[in-house]
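See below for the structure under consideration.
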Amino acid sequence: MSIDQRLAELGITLPEPSAPVAAYVPAVEANGLLHISGQISFAEDGSLIKGRLGEDVDLDAGIAAARRCGVMLLAQIKAALGSLDRVERIVKLGVFVSSAPQFTDQPKVANGASELMQDVFGEPGRHARSAVGVAALPLGVSVEVDAIVAVKA
Amino acid sequence: MSIDQRLAELGITLPEPSAPVAAYVPAVEANGLLHISGQISFAEDGSLIKGRLGEDVDLDAGIAAARRCGVMLLAQIKAALGSLDRVERIVKLGVFVSSAPQFTDQPKVANGASELMQDVFGEPGRHARSAVGVAALPLGVSVEVDAIVAVKA
Amino acid sequence: MSIDQRLAELGITLPEPSAPVAAYVPAVEANGLLHISGQISFAEDGSLIKGRLGEDVDLDAGIAAARRCGVMLLAQIKAALGSLDRVERIVKLGVFVSSAPQFTDQPKVANGASELMQDVFGEPGRHARSAVGVAALPLGVSVEVDAIVAVKA
């Protein structure tokens, strides 16, 4: 089964890969590793998912925001590689959660992106990860996730 | 001298590598680089080292917390590679310090992990690094450190 | 035209590469990728560019601070590789902006470093990027930027 078939099975439609909001590119491949720029949380309707965990965004909304970052990562990977079937392994996710100082459930939020990768890719979707709470994110979004992906030779 | 012998000489006992607190894996090797997930600060007794630098954690406690993250990184590297002697080079540490806005000694805190790597590995333990102060960390810990390690062919 | 000639054309003078403020090294090359430590914002006169975006540093000053981090990255890359002509590609910049909670223009700030890389290297200077707002940075600086660079074989 191709990854596109797997996405269809999961009911996931990839969005248009978003253009960078500034002077950089969505992804660069070098030495077998694809580095993907931090993807900010967009809702399915293309609006930004904004707000801070522990303040005006609850845990479920944060998890959903992280999953949407993951969907946009998939869209960027597909645009960069031509096909998601060229993914050898999701190597690392870097998850940044806009957090009030007392919010400490960044791992649960980050699981929104992590579980998506495992659902879509299976074993090759299991990745290393860091998850931290930051003071503020671009355009006021709730979550930003970047990634490193190993590409099939 | 093996790295295990060096650890013994330094009086360092590796803990059980902690299980990820969420849906990811501790380490992924791809193209000769091992990416290790962010390790949060656990004390020797297995309890979490919590609190914020510049607020309720002093500098010495922060340095000790970063060192403990480093010890857990060693445990994860050993679990992933089978032996610490397979480390070619510690390439990069990413150090996240839970920080009150006026706390600016992140480099001193991060040295707790950096000096450990140099003590254990010598020249191959000398690494690139970033150290930043973040609003909040998983489970309320004081420090989180991730790593990239080059693996011997 | 060599990159040094291009720097001269742009009127950019590289500073002495700053010594790490702690127990690590400026850059490590492994498997064709050079990882450069987070560079903090120094002004041309060698003083630190301090302060927080959205608080006591305005957007233009933040952009200038990010550009100065980029200039220091260039100095570190040159010191590590001997020549900037050995750069195959700027792969990734990680941009950390000291941010008040309501400041959300991290991408504009980060462009100070990103546009520099494109000006200096052209197409090979176009990189992946993450940009986040953090609670505090080392020594109170406004911006810190780290980088991954692909090196010519």
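A, B and C label the chains in the order they appear, each numbered from 1.
The working rule: a contact is a pair of C-beta atoms (placed from the backbone, for glycine too) under 8 Å apart; a residue touches a chain by one contact, two chains touch by 3 or more.
Keep in mind that this is a model prediction, so the values were computed, not measured.
Between subunit B and subunit C, two chains of identical sequence, the interface residue sets overlap only in part, with shared numbers making up under half of the total. Taking only C-alpha atoms, you rotate subunit A by 120 degrees to land it on subunit C; that is to the nearest 5. Note on chain placement: the centre of subunit B and the centre of subunit C lie 24 Å apart, centres being C-alpha means. Shared interface positions of subunit B, defined as residues touching 2 or more other chains, are 31, 33, 134-135.
For subunit A in complex with subunit C, the touching residues are 20-28, 30-31, 33, 35-38, 52, 94, 96, 134-140, 144, 146. Per the touch definition, subunit B reaches subunit C in the complex via residues 31-33, 54, 88-93, 99-108, 110-111, 114-115, 118, 126-135, 148, 150.
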